[in-house]
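As C-alpha cells, here come the structures.
First chain A sits with chain B, and in the next complex the same chain sits with chain C.
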Partner chain A sequence: MENLEALMHGFGIALSGNHIFLMLIGVLLGILVGVLPGLGAPNGVSLLLPLTFGMQPVSAIILLSSMYWGALFGGSVTSILFNIPGEPSSVATTFDGYPMARDGRPSTALATAFGSAAFGALAGVVLITLSASWVAQVALAFGPPEYFAVYFLAFASFVGMGGSPPVKTLVSLAIGFALAAVGIDTVSGSVRLTMGIDEMVKGVSFVVAVMGLFGIGELLIAVEEEFHVKAISSKVEWREVFRTLAGLPRYGWALLRSAAIGCWMGITPGGPTAASFMSYGIAKRLSPRHANFGKGEPEGIVAPEAADHAAGTSALLPMLSLGIPGSATAAVMMGGLMIWGLNPGPMLFVEQKDFVWGLIASMYLGNVVAVVLVLLTVPIFAALMRVPFFIIAPVIVIICTVGAYSVSNSYLDVMLMMGFGVLGYLFKKLHYPLAPLVLAIVIGDKAEDAFRQSMLMSKGSLGIFFAKPLVTTLILLGAALLLMPTIWRTIGRMMPRPEARP
Partner chain B sequence: MSRKPTFAAIAFGLAIGFAGAAHAAWQPAKPIEFIATAGPGGGTDNFARAVQNIITKYKLVDQPIVVVNKAGGSGAEGYTYAKAMAADPYKVVFGTSNAWSQPLVSKVAYNYTDLTPIAAMVQDEFLLWVKQDAPYQNVQDFLKAVAAKGPGDFKMGGAQSKDTDETLTRLIDKAAKVKFVYIPFKSGAEAAVQLAGGHIDAHVNNPSESIGQWKGSTQRPLCAFSPQRLPDGPKVTATQNWHDIPTCVESGLAIPQFQQPRTVWLPGKVTADQAAFYVDLMKKVQATPEWKEYIERTSQTDTFLTGDSFSKFIKEDIERTRKVAVDEGWLISN
Partner chain C sequence: MVSGRSLEAATALITGVFGAAVVVSSLDNGIGWSAAGVESGTFPFIVGLVILAGSVFNLVQGWLHARVVVLGPAELRRLAILFVPAAIFVGVIPLIGMYPASAFYVFGALAWHKRGSLLLAAVAAIGAAVALYLIFELTFQVSLPRGALGTLLGF
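Then we have the complex of A and B:
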C-alpha cells in the first residue's frame, strides 16, 4: 500500500493546471507527429527536448511522455487508414484494421483500436503502480539465453499459427533474416551483405521496408485490381464510435489476455513489437472466429493494440529502474533524463520519489487525455477515407517517399523503399505472407545477437538453453506453440470431423 | 552576362568587409548539421547535443544547428556520410576514436584520412567493474580468481565488437596473463544491466554508463584505467566518490592509461579557414560554465587536442590499437 500512497502523492504533483496544460500540448503534438509522414515519435521528442531544459524534470518528463502517448495513438491511424504502419509495433494492427477500414468501417476500426489501446496502457500503468518496487528485478533475470528464448517464443507463437503453407512462411522468414543481417554485425564487428554499396553499412531501416512492403505494395495491388475504386462512403457517426466502445467488453477475454502478454513482454525485454505480433498470433489461434482474421475481424485489432500499448507503457519501468531504453523514443527521453541531472538506475525510485511518482500519475492522466483527444479526431480521420482513390494514391506515394527519405536523409532509402514496394506486390500476388518477413526484420538481428552471445558464453554448447528453469520453460513453451498446429492437424485428420466449418 | 563581374566585385568587397568586421576569414551562411555517430541518448549523442546547446545559448553562431543521428554500422554510417559530403563545411561530425580504429578492423567505406580533424574535446575514462556481491575486493583478488578458472570461463561484457571495450579487455589479458571471453552487447548500458543480473562477470564501462548502477549497489568499480585517480567530487555512494577508486597501476594491473576521446570532424577537402572557424568555435564552447557542468555530470576528463597534438594522439592510438588487432587477428587485409 506504500505504492498507493506514493501514487496519491504523485497525483498531487501531476494534477496542477500547468501540468494538465503540458499534457494537452504534448498529446496534441504527439498525435500530429504520429500521423504525419516521416516524423515519428523519436524525432518529435528530440525536437522538443531542448525546450525542456529550463523546466522542472517532472514537468519536462510529463510533456515528453504525453507526446509519446499521443504519437503511439496517432501511429495507429495511418496503419488502419492507409496500411502504412508508422512504428514497428503497429504493423500487426494493419492486418485487420486496414481491411475493416476499406470495408467502409473506418470509424469502427479506429475506435476499436483506440479503445483497446487505452485498455492496454491502463493495464500497464496499473502493473507499474502495484509492483514498481520489485518488477524491475524480473528484468535482471534475463541474460542472452533468456533474451533468445523470448524472441524464439515470439517467432513461434506468430509463425506456427498457419494460414499460409509452411514453405512460404519459411521463405518469407528467411528473406527477413537476411535483410536484418545487412550492415555491421554486433558480435563480430564485420560488415555483412552490403553488396558493394557503401551506404548499406547502416543496415535496412524498418521504416523503409514497411513503407514499401505495405504502403506501396498495397497501392500497386489496388491500382491493378480496382482502378475504378470508388470512394468509400463511410458514414461518419458519433454514435458508431460510442457503439464500438460500448461493444468492446465483448472482447473482454481477448483484451485481458492481450494486456497480459503486453505487460509481460514489456517487463521482460521482448518489447512492444514482439508483444503485438505474439498477441495477434495467439488471438488468431484461440478465437472462435479465427477464419475471419485478416479480413477485418475486430478481435484482430483488439489483440495487437492492447498488447502494444501495455508493453509500451510497462517498458518505461525497466528504463527508469535499469537504464535500458525499450524503444528509440525511450532512448531520447533517457538522454533527457541525464541532461536534467537524473541518473536512470535502481536509485531513481529512492532518490527521486517526486519525479517517479509524478510521472506514473501523469501516465494515468496522459493516457486519459490522449484517448479522449484521439476519439474526438476519429470522424476527421475517417473522413479521409471518403477522398477518392485518384487523390489519395499520390498522397500515399508522397507519404512513403518523405517517410523513407527522412529516416536518414538518404536517396538510397527512397530507392530501397520503392524496391520493397515491388517485393510487397509480388508477395501479395504469389500469396506469400508478409508478416513473418517484417517480424524477422524487426527482431531477427536481436535474436541472432542473443543466440551468438549465448554461444560465446557456453563455448558453443546448446545446453545453455536448458541450463536454468526460466530459459528452459520459455524454450519449451515456444517449441510447443510452434508444433501445436501440426499436431492438431494430424489429430484432426485422424479423427472424423463432427461438423464441417463453413 | 556583362553585369556579372560587377556583381562579383561587389560581393567580393562585401565579403571582405564582413570578414574584417567578424575577425574571421569564414563565417557560416546557412544552417549547420551536427552528425552524431551514435543513437539518441548515447555518450556521443549527449556530447553533440551539449555542444549544440551551448552554441545556441550563447549565440556563438548566427545560423541554426540541427543534430542528426547516423548511428548505423557502429557509427560507420555517419563517417561514410561525411566522406560523401567532401568540401561541405556545414556538416560537423561528432564521434570517438572509432573514426580511426574502425577502419583498421572492419571493411568500412571510409578512413579517418577522408575527414578533416577539428578537435578532441573530452576523454572518457574506463573502469573495471564487478558485481556488487562478488567475492573480490581488489584487482589482485579478481585477477587471481580469473586465472584460477580455465581460459574463457570468465565473461567480460562490453559495447560493440573490436572497439575500445574489447581492445581494453585484450590489453588486460596480456598485462595480467589471463584470458577472458568477451561478450559484445549493443551498448555499455546493456552490459551494465547484464552485470547487475550476474550474466557476465565484469565489464569496463565509462563512469556515466554505470553511475546509476553503482549508486544502486548492483556493481562497483575496482580500478580506473587512468594515470591519476579521477577528480574529487561529491559522494556517489554513501561512502565513496570517483576519487576513492584506485588507479589500475596502483592496484597492480599495469595498464597506465586507457581513454576514449570524443572527437569533432569536418568532411575532407574543406578550406583551412573553414576548419579554423570550427576549432575556434569549439574553444569558445569549452570556456563556458555549461561545458564544465557537462564534464562533471558525465565524469569525463576535459581536454583540447587540435592540429599537431591531435594528429600525434591519433597516430599513437592507432599504433596501440593495431598491436592488439594484429595479435588477435582482427586486422583486415587491404
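Then we have the complex of A and C:
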C-alpha cells in the first residue's frame, strides 16, 4: 500500500491550478498534432521540448505527457471520420471505425473509440501505479534475446492471424523490413540500401510511408470506387454518446483482453502500433461476429483503441523504471528527462519521488481531460465531413505532401510518399495487407539490432533463444501463432465432417 | 482497360524488382558471420530473398487465378482526374514553392468542378496557403519549400 500513499502525494502535486492549465494546453496541442497526419505525437512532443527547458521537471513532463494523450485521442478522430490515421497506432482503428462512421453512425464510432481508449489508458495507469517499482526489478533481466523474442511474437501474429493471403502478408512485411534497413546501420555504422542516392542515408521514415500508403493510396481507392463522403450531421449526438458508453460493458471481455495486450506490448517495447494491430487481429480471430470485422463492427474499434492507449500509457513504465522507451514518443520524452537533469532508471523512484508520482497522478487526470476535450472538439472535425469530396481530395494531398516534407525538410520524401501512394493503391486493390509493412518500418530496425546483439552474445548460436525460460516461452508462443492457421486447417481436415445438416 | 491478371503481374513485378535490388545492394555490405558478429548486409539479404521468392509466388498465383477486368475506362478516368493534378502539384513544388503550388492546386480543383464562383475558388486557394503558413511555418516552425521562384524573389 506504499504505492497508494505515494500516489496520493502525487495527486497533491498534480492538482494545482498551474498543472491543470498545462494539461489543458498539452491535450489541445496534442489533439491538433494527432489530427494532422504527418505531425504525430513524436514530432509534437519534440517541437514542444525547447519550451520546457525553463520549467520544473514535473511541470514539463505533465505538459509533454498531456500532449501525448491528446495526440493518441486526436489520431483516432481522423481515423474514424476520414480514414486517415493521424498516428500509426490508430491505423487499426480505421478498419472498423471508418466504415461505421460512413454508414451514418459517427457519434457511435467516436464514443466507442474514446470509451475503449479511456478504459485502456486507465488500465495502463493502474498497472503503472501498482507495479512501477516491481516491474523495474523484473525487467532488469531483459537482454537482447528477450527483446528479439517480443518482436518476433508481434510479427508472427501478423502472418499467422492476419487473415490475408500468407505470402502477400510475408512480402508486405519483408518490404517493411527492407525499408527499415535503409540508411545507417546502428550496429556497424555502415550505410545500407541507398541504391546510389546519397540522401537515402537518412532512411525511410514511417511517416512518409504512412502518408503515401494510407493517405494517397486510400484516396485513389476512394475515387476509383466512386466513393462520396456522405453529408453527416456535424453535431455529436450526446444521447448517442452516453448510450454507447453505457453499452460498452457488453464488450467487457474484449476490453480486458485488449487492455492486457496493450499493457504487455507497452512494457515490452512493442509499442502502441504493434499492440493495436495485434489486438485487432486477435479480436477478429476470436469474435463470434468475425465476419463483420472491417464493416463497422464495434468490437473492431474497441480492440485496437483499448490496446493502443493501454500500450501508449504503459510505455512510460519502462522509460521511467529502466530508461528504455516503450514507444517513439516515450523516447523523445526520455531525451527531455535527461535535458532537465534527471536520470531515467530505477534510481528515479528513489531520488525523484515527487517527479515520478506527480507524473503518474497527472496521467489519471490528463486522460480525463483528454476525453472531455476531444468530445467537445469533435463537432469541429465532424463539420469537415460535410465538405464535398472534390475539395477534401486536394486538401488531403496537400496535407500528406507537407507532412512528408516536414519529417526532415526533404523533397525526396515527397517523391517517396507519392510512390508509396501508388503502391498503397495496388496493394489495397489486390488484398496485400498494409499494416505489417508499416509496423516493420517502425520497429524492424530494433528487431534486427536485438537479433544481432543476441548473436554477438552467443557467438552466432541460435541456442540463446532457448537458454532461459522467459525467452523460450516468448519464442515458442510466436512460433505457435505463426503456425496456428496451418494447424487449424490440418485438424479441420482430420476431423470427420458433420454430415446431414438440417 | 486493365485486367486483374495484369494488375497482379505488375504489382508482383514491382515488389520482385525491389527485392532483387535489395539483394544486390546488400551484397555490398557483406553477408554472413564475421569477427564483428552478423554482417550488416545479412538481414537485408535474407529479407530481399523473401521478397523475391514471394513475388514469384504471387506472380504465378495471380496469373493462374486471373480475374476479369478490374479497371474499366470510367475507373481509369476517375483515377487520372485525381492522380494527374496531384502529380503535377508535387512536380511543380521545386519550381514555384509549396505555397503557390498549393494555391493553384486548390484553385484548379474548385474551378474544374465548376461549383461556386471563380471568386470563391480564389478565396479558398489563398485561404489554403495562409492556413499552411499559420499552422506549419508559425506554430510548428516547419519551413516549407520556397522553390526556385522563391529563391528568385529572395524569400
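The rule we apply is simple: the second predicted complex is superposed on the first by the 477 of 502 C-alpha atoms of A that agree within 3 Å, B and C clash if a C-alpha of one lies under 4 Å from a C-alpha of the other, contacts with A are read in each partner's own complex, and residues count from 1 in each chain.
The rule is simple: contacts are C-beta pairs under 8 Å (C-beta built on N, C-alpha and C of every residue); 3 or more make two chains touch, one makes a residue touch a chain.
This structure is a prediction, so every number in the text was calculated from the model and none was measured.
Undergrad: Between chain B (first) and chain C (second), which does A:190 come into contact with in this model arrangement: first, second, both, or neither?
TA: Both partners, chain B and chain C.
Undergrad: Contact-wise, after the overlay, does A:216 reach chain B, chain C, both or neither (first, second, both, neither)?
TA: second
Undergrad: Check the residue A:174 against both partner chains and state whether it touches chain B (first), chain C (second), both, or neither.
TA: Second partner only, chain C.
Undergrad: Could you look at A:358 and tell me whether it touches chain B, chain C, both or neither (first, second, both, neither)?
TA: Neither chain B nor chain C is touched by A:358.
Undergrad: Looking at the overlay, does A:415 come into contact with chain B only (first), chain C only (second), both, or neither?
TA: A:415: touches chain C, not chain B.
Undergrad: Give one of first, second, both or neither to describe whether A:338 is in contact with chain B, with chain C, with both, or with none.
TA: First partner only.
Undergrad: Looking at the overlay, what does A:456 touch: chain B (first), chain C (second), both, or neither?
TA: Both chain B and chain C are touched by A:456.
Undergrad: Based on the superposed arrangement, let me know which partner A:430 touches: chain B (first), chain C (second), both, or neither?
TA: After superposing on A, A:430 lies in contact with chain C but is clear of chain B.
Undergrad: Across the two complexes, what residues of chain A are contacted by chain B and by chain C?
TA: 185, 187-188, 190, 409, 456
Undergrad: Mind pulling up the chain C residues that touch chain A in the complex?
TA: Going by the criterion above, the answer is residues 7-8, 10-11, 14-15, 18-19, 21-22, 25-26, 29, 33, 36-41, 43-44, 47-48, 50-51, 54-55, 57-58, 61-62, 70-71, 75, 78-79, 81-83, 85-87, 89-90, 93-94, 98, 102, 105-106, 109-110, 112-113, 115, 124, 128, 132, 135-136, 140-145.
Undergrad: Chain B touches which residues of chain A in the complex?
TA: 42, 46, 49-50, 53, 139-144, 183-191, 198-199, 201-203, 322-325, 328, 331-335, 338-339, 341, 343-348, 351, 408-409, 449, 453, 456-457, 459
Undergrad: Within the complex, which stretch of chain A touches chain C?
TA: On the chain A side, the touching residues are 33, 36, 39, 43-44, 47, 165, 167-168, 170-171, 174-175, 177-178, 181, 185, 187-188, 190, 192-195, 216, 219-220, 223-226, 388, 390-391, 393-395, 397-398, 401-402, 405-406, 409, 411, 414-415, 418, 423, 426-427, 429-430, 432, 448, 451-452, 455-456, 460.
Undergrad: Tell me, which parts of chain B touch chain A in their complex?
TA: 39-42, 45-46, 49, 53, 56, 67-68, 70, 72-74, 76-77, 80-81, 105-110, 152, 155, 160-163, 181-186, 189-190, 192-194, 196-200, 208, 211-213, 215-218, 297-298, 330
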